[in-house]
Amino acid sequence: MSTNQTSHHQMTFVQKYIFSTDHKVIGMQYMITGLIMAFLGGFLAYGFRMQLAFPGEAIPLLGKMTAGQYNEFITMHGTIMIFWVAMPVLLAALGNLLIPIMIGADDMAFPTLNMISYWVFFLSTVVLIASFFVPGGAFAGGWTAYPPLSANGYTAHGWSVGLGGNLWIIAVALEFVAFLIGGINFIVTTFNMRAPGLTWFRLPMMVWMMLSAVLIFMFAVGPLIAGAAMLLLDRTVGTGFYNPAAGGDPILFQHMFWFFGHPEVYVILLPTIGVLAEVMTTFARKPIFGYKMIIYATIGAGFLSFVVWAHHQFIAGIDPRMATFFSITTIMISIPFSLIIFASIATLWKSSITLSTPMLFALGFIGEFLIGGVTGIYLGSSAFDIYVHDTYFVIAHFHYALIPTVFFGGLAAIYFWFPKFIGRMYNETLGKVHFWLTTISFNLVFFPLFFSGMAGEHRRIFDYSMWKSLMTPEIMNIRIISTLALIVLFLSQFIFVFNMIKSALSGPKAEKNPWKSNTLEWQADSPPPHGNFAQTPVVHRGPYEYSVPGRSEDYWPQTSAN
Amino acid sequence: MGFLPPNVSSFGHHIDSLFWIITIIVGVAFIIAEGIFLYFIIKYRKKDGVKAEYVAGNVWSQTKWVLIPLAIVIALDFFVDIKTHTAWSEIKGGLPQNQDLKIRITGQQFSWAYTLPGADGQLDTDDDIKKTGELHVPADTNIVFDLEAKDVLHSWFVPALRLKQDAVPGRTIRGWFKVTQPGSYEVMCAEICGVGHTIMKSTMIAHSKEEFAQWVANGGSDTAPGAGGADPFADMAKNLFASGAGDAEKGKALVTAKACMACHNLDGSKTVGPTYKGLFGSKRTVTAGGQDKEVVADEAYLLRSIYEPGAEVVKGYPPAMPPQKGLVSEQEAKDIIEYLKTVK
Amino acid sequence: MGQTTTHHTQNKVEKDYHGHPNYIKIWGVLVGILVLSLAVGELGHKVLSVTLIFGLALVKAIMVIGNFMHLKWEPKLLTWVMIFAVAALGIFYFGVAPDVVYVEMKIAK
Amino acid sequence: MAHTTQTVDISEVPNGRAAMWWVIASEVVIFGGLIMSYLLFRMRYPQWGEYASHTSTPMGALNTLVLLTSSLTVALAHKAATEKNIAATKKYLWFTILGGVIFLIVKSVEYTTEISHGYTITANNFWSFYYAMTGLHAIHVIAGMVAMFLVMQIDVNKGRNLHRVEMAGLYWHFVDIVWIFLFPLLYVAK
C-alpha cells in the first residue's frame, strides 16, 4: 500500500486534484466524467429522434442523417448511457464518495489502486470518443453488438475497416477493467475498514447495496470479457468463433452478452435503492420499513439475477423449452423487487414528509419505476414477447426502468449529498423547477412509445415511410410529441447544471448536518477534509433510528453515545 | 388500446387475450400501489408538532401489510405464467399435425427471399417459385416455414400475424402460422442487420385457396404466362420520358434518401448491389427465368430493375433487392434515372 | 492538520500466522497425480479415462488451492466465493448448452 | 494535531490478501467464460477430438510439471518471507521466475511446431480456441513473472512489505491452476 499519506507534505495541484488518491476527489472525477457523457448521450438521442420525427429533413446542428449515421447514433447512445453514465455516476462516483465516509474509514483500502481505476476509466472514455472520428465512424451494430453483424458479417478485412468497432470493444473492455479494480476496492474497504461498533446490520442501506451491486457485476462480467476478446479476435485476426460457416455460433455471444446484461441492470438499480433508503428515511423522519427484509430480498435477487438472462432471447432462436424456464424465473425475480418497492412505500406510512428536492426525486423514482416494473410483466411473459420483442414497447419499458434509476436516483443522490461534499447549499426552487420539468417531459417522451410499440413499430429503423401501417397520423404525432418532449427534457438539464455551478461558487455555506440525518457522513465536516474524521467514530446503533419514542429530537446519529 | 393492428392469425387471439389479462392484473395492481403511494405523500406531509411514528417493520403485525400484497402479486404472476405457457407451447412449442404447405423464408442483407413449392408441392424441386420481397400464401391453411439467414441476424416480423422469429445464420428455425383472412400485410425485419435494415420490407399477400392454386398454376404471377405481350416497362418508359427529362438534382438526393446507396455505389467497386458507374446505355448480362441474356441498360431496363428487380438479376449478384412498388413513385423513378445518366 | 494513518496490514506481525504445511510433500503428491493422469490417458476406455483425468485435475486444483494458497485456513466466506464463481460458470454452461450443443448446423445457400 | 486512526481489521483476512482473492475470483470467471465456450463446442463437434490429437501431450505434461514445481518454489518463497529470511525468499523467487521462463520457452517451441504444421489460429475453431486460451494464459504467466520481479526489486531487497510475496504467490498459484485445467482440456482429451 502506498505510504505517502504518512509523510503528509504539501501536495502540488497535480497530486491534489489530477492524480489524487483521496476517495472524495476520485468520486468527483467519476461524477463529472459521467455527467458530461450524459450530455453527449442525450445529444445523440436528440439527433436520431429528430430524424425519426422529421425523416429526411436536415437536423439543426447535425445536418442530413444517413442510415449508417443513424445506426451509429443509436449504438453509441445505448453504450454511453449504460456504460459511461449509469455505471460511473451510480456505482463509481457514489461508491467512492460515500463508502469510506459512511463506514467511518479515512479512505479506501487501496487509494493508489483507486486512482488507477479512474484513469483506466478515463482512458476508456478517450478511446470511445476517438472511435467517433476514426475513418468508417463509430461502431454501428447496436449496443448489444450481436455477431455476425458486429463481426462485419465475416467478410474478412483487417484492422482498417471497422476500426470504430474495434475501438468500441477495447473501450468497453478497459471500462470493465476499471470497474473490476474499483469493485475490489469497495469490497475490501467494506469488509475490513468499518469503524468500531459498525456491525453488518448497522450498515446504512447504501453500503449494502453498493457491495451487492459490485459483487453481482464481478461475477457476471467474466463471460462477456471472454466473449468480447473472442469478438475482437474475430474482427481483426479472422478467427470464426461466431461464424456459422466456420462452425461457430452467433447465439453463443448473445448468451454471453445477456448473462452479463441482466445482472448489469440490477447493478445499476441497487445503488439507487440505497439512495432511496437514505433520502426517504431522512425526509420522512422514519426508519426504513423492514431493513433486514430488504437486505435479504436484495441478496435473493442477486442470486436469482444469474438465472434470468435468456428472457432477452425468447425469439432469438433459443430452444423453446428454455424459454418457458426463463419466463418463470423472470416472473420470480420481479418478486424481490416488488417487495423492495412495497417496503419503500410502507416507509411513508405515518411519517412526516418534507418535500425537498432530493425527496421529490426519490419519490419520483418510485412513481416512475412502478411503470417500468409493471411493464416488465408483459415482456417477462414469453408468449406476449413474441409480439413486442424489438419494438418500441421494449424501448419504452427499459427507459421507464433505467431513467428513473439513473436520472431520478442519481439526481436525488447529487442534491442530497451536495451540501456535504461541496459545502454549500443548492438553490431549492431551481431544484424543484428542474424536478417538475424533468418528470413531465420524461413521461411525455416515453409513455406514448408504449402505444407505437403496440402498433408494431419495430426498433432501430431509420425511416418508417416504407411501412404504411406505421405512417398513420397518430403514430406520426407520437413521434413528434416524443421528440419535442425530449428537447424539453434535454434543455431542462441545463437548469440543473446552472444550479450546481452557481451554488458551488456562491451558495450559502452548508452546516455539518443540514438534513438532521443519522449516518456517519453527516457527523464529519462539510466538505470533509482529507481523512474524513478527526477521530475514528464509534458506532452505537443502526442508521435509521428516527422518531424514536421518548426522545426529544426526532433523529439519533449513529455516533452519539446517549 | 386501439393500436393493436387487426389480428389475422389463428393463434393471434392468444396474444391479444394475454395482453388484456396482463393489462387488467397489472393495471389494477399499479393503480392501487400508485394510489396508496400518492395518498401517503399527501396525508403524511410534515405538520408542526406531529412526529412520525417509529415503525421499523420487523414484526409480523407490520410486515404483513407488505408481505400479503406481495403474495397476491406472486399468485397473479403465476396465473399469467400458466396462461403464457399455454400460448407459448401452441405458437412456438411445436408444429401442427396437418402441415398443408411448407415454405422457406431466407433473410439476407436487406431483403426477404421466399421459396414456395411449385405445382408439385415439393420444395427443392426445379418448379419451385422463388420470389424476393413478396410472399403469396393461401388463407386458412397451416403454413410451416423454414426460416434461415444468409449473412447476419434478421427477424421475420408480421404484426398482423402477431408473429416474430429471429433468423440466425447457420440454423434452420421451423415455425408455423395460419392466415385467417385474405389481404396484404406488411412484413418487417426487427433485428438490426446493417445499413439497409430500414429498407428490408416485404409484403405478405394472402389469397383465397382457389386464387392461390391459380396463382401457383400460373407459375407465380397473377397473369397467365406468355400473355404478357408487349413489355409493360417499355411503354411506361416511353410515356414517362415523352414529356422531357427528369430532374437529376432531385434524383441525386433520392438515391440517398431511399437508401439505394445502402447496396449500390458510384465508384465501380463491388458491393451488395451492382455499381451505378457508367451504367446507363452499357451492356449487362442478366439471368432471367434461368437463362443468361445480354441487355442494354436503357430506361425500360432501369424501370424494371426498380419495380421488379427479381425479373432480371445482373449476373454474379444475389436477387436481394426488395421491389420498390409503392415506395418509389414514377416521377421519383424518372428523376433517379435522370441522375443515373449523369454517373460516368 | 496532520493526518497519519497507519495501514494496519503494513507492518503488522503476521497475526493470522497458521503455519505452513510441508510443501515438498504436497508437491510430491501433485506430481504423482500428474503421472497417474498421464497413465490413465493410455487407458483404452475413452469415457472412463476422460472423467478420471478431469477428476484428477480437480483434485490437483483443490490441493493447490487448499495447501499452497492456504484457503483451508481462510474464513469460510472465501471458499463460498470461489464455489459461487464456479457455480456461475456452471449456470452459464447449462443455460447455453441446449442452444449450442444440441443444434445441428445448416448453412443457408 | 497528529493522531493515528487505527482502523480495526474486522475480518481475519488482511486487505492485501482479501483483494488478491477477489482478483482471483474475477479471473476465474473470465477464464471460465472462455473454457466453458470451448467445452460447449467440444461437446458439439466430436471431430475436434481429432484436431486435438495434433497437440503434443508430452510438451503439455512437461509444462504442467514446470508450473507445479514453480508453485512449490513460490510457496517456499512465501514461507521464507514469513520467517523474514530475505536471501531464501529471493532465491525461491528467482527459481519461480526461472520456471515461468522455461514454461514460456516450451510454449513457444510448441507454438512454432504447430504453426509450421499449418495449425494457425485461423485454421479452424479448435485452433482459434487453443491459441486464445493458451495465449491468454501465457500473458498471465508473463504478468505474474513481472509482478514477482517488481515485488523483489521494490520490497524484498529493502526487507519491507514482505506480505507482498504472498500476493504474488497467490496469483502464481492461480495461473498454475488454470493450466491444470487447460492441460486435460487441450492436450489429453483426444
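Some points to look at:
In order of appearance the chains are A, B, C and D, and numbering begins at 1 in each one.
Please note the rule applied: a residue touches a chain if its C-beta (ideal position, glycine included) is under 8 Å from a C-beta of that chain, and two chains touch if they have at least 3 such contacts.
None of these values were measured; they are calculated from a predicted model.
Any chain touching chain B that also touches chain D appears here: A, C.
When the C-beta contacts at B-C and at A-C are tallied, the pair with the greater total is A-C. Distance between chain centres (mean CA atoms), chain B to chain C: 49 Å. Note: centroid distance chain A to chain C, computed from Cα atoms, is 34 Å.
With centres set at the average Cα position, the gap from chain C to chain D is 12 Å. Computed from the mean C-alpha positions, the centre of chain A lies at a distance of 34 Å from the centre of chain D. Chain contacts: chain C has residues 1-7, 9-10, 85, 88-89, 92, 96, 100, 103, 105, 107 touching two or more partner chains.
Residue positions 1, 3, 5-9, 11, 13-16, 22, 25, 28-29, 32-33, 36, 40-41 of chain D are each in touch with at least two other chains.
Those residues of chain B in touch with two or more other chains are numbered 169-171. Annotation, chain-chain contacts: A-B, A-C, A-D, B-C, C-D (touch as defined at the top).
The part of chain C that touches chain B in the complex is made up of residues 103, 105-108.
For chain B in complex with chain C, the touching residues are 106, 148-150, 169-172.
Residue ranges of chain A in contact with chain C, taken from their complex: 1, 3, 5-6, 8, 106-107, 219-220, 222-223, 244-245, 247, 249, 251-252, 255-256, 259, 306-307, 309-310, 317-319, 321-322, 529-531, 534. Contact residues of chain A toward chain B in the complex are 56, 64, 66-68, 71, 140-142, 146, 148-149, 153, 244-245, 249-251, 284-293, 315-317, 320, 323-324, 327-328, 331-332, 334-335, 338-339, 341-343, 345-355, 363, 366-367, 370-371, 374-375, 377-378, 381-384, 386-387, 389-391, 451-452, 454-456, 458-463, 465-469, 474, 544, 546-549, 554. Considering their complex, residues 1, 3, 5-11, 13-16, 18-19, 22-23, 25-26, 28-34, 36-37, 40-41, 45, 121-122, 124-125, 128-129, 132, 136 of chain D touch chain A.
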